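Here is the structure we will look at, set down as structure tokens.
Going by the order they are written in, the chains are A, B, C and D; count residues from 1 in each one.
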Amino acid sequence: MAYFLETLIAGLFAGLMYGLVAIGFVLIYKASGVFNFAQGAMVFLAALVFVTLVEHGANFWVAFALTSGLMVLTAVAVEALVLRPLRNRDPLTLFMATLGLSFVIDGAAQFFLGTDVHMLDLGIDDIAEDYGGLFISWFDIVASLIVVALVAVLGIVFSRTRMGVSLRAVADDTLAAQSIGIRLPVIWRIVWSVAGVVALVAGLLWGARQGVQFSLSLVTLKALPVLIIGGFSSIPGAIVGGLIVGASEALADIYLGPLVDGSVSTWFAYILAVAFLLVRPAGLFGDRDIERV
Amino acid sequence: MASLLELVDVSLSFRGVKALNALSFAVAEGEICALIGPNGAGKSSLLNVINGVYRADSGDIVFDGSRFEAIRPGRAARLGIGRTFQHNALFRRLTVRENVLAGLSRHGEASFVENIFRFGRDGRERTDFAGRADHVIAFLGLEAERERIVATLPYGIQKRVDLARALVSEPKLLLLDEPMAGMNQDEKRDMSRIITEVNRAFGTTIVLIEHDVGIVLGLASHIVVLDYGRKVADGTPEAVRNDPDVIAAYLGTVH
Amino acid sequence: MTTIQDSIPEAGPAEALPSGATLLQIGLVAAGLVIAFGLVPSLASDYWLSSIIIPTVVMGLAGISLNLLQGYAGLVSLGSAAFMAVGAFSAYNLILRVPGLPLPAVLLLAGLIAAVVGVFFGLPALRIKGFYLAASTLGAQFFFPWLFTNYPWFSNNSQSLTISAPRLEFLGYDLQSPLGRYLLVATVTALLIGLAFLVVRSRLGREWMAIRDMETAASVLGIRVARRKLQAYAVSSFFLGITGVLWGFAYLGTADAHTYNLDKSFQILFIVLIGGTATIFGNFLGAAFIVLTPILLDHVVLAANIAYLSDQGAITNLQRVIFGAIIIFILIKEPDGLSAWIRRGVGALRARLGR
Amino acid sequence: MSILSRTIALAAGAVIAATSLAVPVEAQEGAGQQLYPLFTYRTGPYAPSFIPFGAGNLDYLRYVNEVEGGVNGVKILIQECETAYTIERGIECYERYKGGFNGALTAAIYPHSSGLDVALTDKARLDRIPIVSPGGGQNIATDGRVFPYQFPLIFDYWSEAQIIIDYIAEQVGGHDKLKGVKIATLYHDSGYGRDTIEPLAILSKKYGFEDIQIPVPHPGEQQQAQWQQIRRAGADWVFLRGWGVMTPVAIKTAARVGFPADRIIGDIWSGSEDDARPAGAAAKGYLAVSVFPPGTDYGILRKLKENILDTGKSDLKDNSKFGTVYYNYGVIEAITFVEALRTGQKKFGNKPLNNEEGQWAFENLDIDEQRIAELGAEGLISPLKTTIDNHKGETIAAKIIQWNGETWDTRTDWIKADTSLFADVIKAKAAAYAVEKGIEPRQAASN
């Protein structure tokens, strides 16, 4: 039982980390209807820039500020060079464009900053403490707190501020939003910037785990089933979806894995997600509209 | 005359808003029945219920003797309910001819393998379809646009293609959702002439929605007036024209 | 709007085209066959055959497979490569376990097996649309590599879990040589292109396009939408299955589960979008782009010899940047994909012949 | 290299790239030279391991060319070809260079990728091109009678498993003490990772230790569940068959569940600085198998430092990578190439070798202790002698190294594997392969 609990908890922690990556997708999908495959590359870029700055002696906050600044610049560039020329094109084209974008971003990142594997130490020690038979690492707790805090902040921003309101307007009905004078390009720049900062946070937490290297951009794939389950357009959905994926994946590996003598977590989340879709075609928190003719 | 279509206490609501409220009326075989009423009166919803795009919350639909609580669009089509759409629902990237051919789908019997490799029932199907399609295209005077991609055609023509697509499968009942929307007077006159001819030539029963009361009074033999999902009046043009409720609820207001 | 008008020339029923155009078509087909089976084999070197032409043709075929699903039926799939894998592994085991099965039969069966699998993974399409559907097709993309890795039986317990091409031969002809492999690929491709045209010009193809353009209207007209969608997955996967066999055996000469990974699925998607949706020949342009660009960039770097400016590592990453940029550029500049080029060419020809 | 100069490079590169499409390629004259097609993967997830590897490779060849004036006067012409670690592009590179380049002959091709090695097996047999994969070849290809053109030199994972067990045995005080010891193998769930399941099963039958196999799905960025399994099973040792990012995550996660780092022994692909360093403090004490020992204290590396590194001719951008595991791996691999050329030249004369001559050369390699001493590579490589029956080399040996938080310390001398143990199994597999492929095995006499 303790073993089950421990696995479950570990899974939930992992799930939060997935959710963190998924949030980046959700933000952008909400605002620009783009499924941004380059999110992974952005995570990698942010982490790499940050770690390089730190290695050149910048202190944490300076590095964080500078990197965030870079992510904002990236957002502006993306809006101008990719989104605007492609507006009103079908979603698949936009998706492919972001795929191309991911080549550009991680290619550029490694062109300028090299391909070395960097160690990233956030000074949070990652040794598990024994809490009544349950080994839980401080790092997990801190990481989860950060994720929760981030979600809270985003929640407040989107519900209280003017920007947030107009963002939700855009998400609900783009045309209507434009007609009341909300300027899409501005919204897009802002949202992509926020997504960039979220990518930075994700990059730091993941990077501290596995070192800052190209594979960081692969976390994208972990976020996809999370999105299907949580719904592409819901931040709470991303978190809940993340928890579900993380937990079920961990449990599946331990209890289902042995039956097929292999690890199932590469596909389990996806099959789970598909099963979910058959029950709830728009994910847990996704919103769907009825067809008008 | 026996009624081809009969609605019994049909109700429908979206997110609590009642679009149709215990609506009942009958359409006789061979007549042209017009649904009129202000915007949001539930006219389109009604058509959508009749051919199964929406599922009624309660109430029955009797078509051609058989009774349904709900009907799937495909089933409706196969039973012989044709339909045109208010907002253009043509297959934009297909030619006029292909659109019309698509309208014949309910008559297709060949399996997809036969269709692909052109054997078995496919041959007869092709010639049969081609014949019917060309006939309707000629009937609606679309020969010139036969091979044009519909998205490139003017609105008025598209409306006609929509009609052709619905008509080609020779439905017993034809539902026309604002066939003359956005047309100028001449075009409207043409369209209503066509509708009358269809009704006469094919003996098709027609239910149509139209705002232009002048046109409707000339065209329809039976008028049903809706308001907020409720039936306000139901009868011959004359009867309806003189119905006080109608004048109050509808004819008074200008559209 | 004329772009839309010509954007699906192959979709128009053949018998409907003016005779001038029909002649032109016949002419083009003949020319194509002469080039494919006459010029290319006699002119191309082994290098060109086995490392540029074969992969381009096979990837073009993959593009066609996905285009049938996406361009014509309006459905999406991010799992194309998985069905290629199913085809390849089926073919390998058929040859291994059913001795004496002729190559054409193997290809056909492999395609059919892939088709069955395709139908199964197409089921979500009956409930969901758009990105949810796209993402769910990834299920296949992650399931099959796992399946073929986790159960070595599929690779006949080979140590590296790879299946290596059996001796390719047909009617006693050895198809091992680059030329032999090319001829195999070219023949299968020619046949499948023919099949693709039959499909898109059949009632099936027409109803796919109807569903793509306006699903509700399609169902109201009595088109059996669900059935057609599953048939779309079946046909597309059939094509993909055979493509997978060619990729593994006629091109690489070997394959393992990860040969058909997510990147390959994305490449196929690129081919469709860059080549142009709802086209047949455009896919080969898309494929040529995907296959050639990295090689070209590589040659440019060698030729320009800019290594002294920076280190190789940086330059190869620079190539990655350029590749990505080109993709975005094409997506922006050619909404109808590179097939627009073909169309203009054919258009000019038609004009010459004065229809 | 500074960001500024990179930017300049970017600009200049763009300009030149644009223009060079127009201008014809300046063909390098290659006649009378020996071609070395360098298959690179400077992009993608595995680039970090290639960069130092490629540098070691290049630096040694440059040293041979510039200091020793080539191999008995025959200069080596290096042509790079980027595979991005994909098989497709690898095949393109193979086709590009299998026939030589501007008159320079191809004697052998080093694919630098196990996957590509397998993919090229059939092609190479038809084209008669030797495919050489030191440390990363197919174990069954050891049988040169069935695989005349494959050379999985130096090492294989079955011997590795055996060396690991021998080392553990030594730690617990003899093979007889292995009974009941719990050894968990945490493997990358792929052909590479699964390769050690079979030999470990055999070994555990032989010595009676408990064999626990736990897979980690690619890429392996999440291993909490696996390590809990390990702790729950009460494993005494963990054999870590990692790949890429899987290794640092494994080490970190081990620390999280409180499993001691000095009880984890990494595979050769889990034993580089880039595998240990990202794990930070958690990696202190972590052990690994080393076939390519790190360090700079070897005669040959001193020569390289003096003649290449210090003269700015090195391919390294970051000199701290000098003497790292992958750098030395690159050097060792280059040595096998050069020594093979020497071997061939003894028979065919001091001229570039063609592919058939190359095949003979690689099949008759004999780098003995004395030659190793001449090369100044004592302790860097162990003797390497190939024959028609053994394309791997007769002595398979590795050291155990330990991470001290900064660099690797060598813990043991060469531990030799008893190759006789698995020889029959491998031969049997090779025979089965021959049947499946319809290959007529060569006889030793035929050579």
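In this section, contacts are C-beta pairs under 8 Å (C-beta built on N, C-alpha and C of every residue); 3 or more make two chains touch, one makes a residue touch a chain.
Just so it is clear, the model here is predicted, and its values are computed rather than measured.
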Centre-most chain, if every chain is reduced to its averaged C-alpha atoms: C
Most distant chain from subunit B, judged by the mean position of its C-alpha atoms: D
Separation of mean Cα positions, subunit D and subunit A [Å, integer]: 36
Interchain centroid distance [CA atoms averaged], subunit A/subunit B, Å: 48
Rounded Å distance, subunit A centre to subunit C centre (Cα mean): 32
Numbers and ranges of subunit A residues touching at least 2 other chains: 107, 110-111, 114-115, 262, 266, 293
Residues of subunit B touching at least two other chains: 53, 85, 89
Contacts with two or more other chains, residues of subunit C listed in rising order: 146, 149-150, 216-217, 313-314, 317-320
Subunit C residues within the subunit D interface of the complex: 46-47, 50-52, 55, 96, 146, 149-150, 152, 156, 158-162, 164-165, 167, 176-177, 251-254, 256, 258-259, 263, 294-295, 297-306, 309-320, 322
Footprint of subunit C on subunit D - complex, ascending: 1, 5-6, 8-10, 12-13, 16-17, 19-21, 23, 25-26, 40, 42-43, 47, 51, 54, 80-82, 84, 86-89, 91-92, 94-96, 99, 114-115, 118-123, 126, 138-140, 189-192, 194-195, 217, 315, 317, 429, 433, 436-438
Contacting residues of subunit A [partner subunit D, same complex]: 3, 6-7, 10-11, 13-14, 107, 110-121, 125-128, 135, 137, 139, 206, 209-215, 218-219, 222, 249-250, 253-254, 257, 262-263, 265-266
Subunit C residues within the subunit B interface of the complex: 1-2, 4-5, 7-8, 11-13, 16, 195, 198-199, 202-204, 206-207, 209-210, 212-214, 216-225, 231, 278
Touching residues on subunit A, where the partner in the complex is subunit C: 35, 81-82, 85-86, 89, 91-93, 95-97, 99-108, 110-111, 114-115, 221, 224-225, 227-228, 232, 260-262, 264, 266-267, 270-271, 273-274, 277-278, 281-283, 286, 291, 293
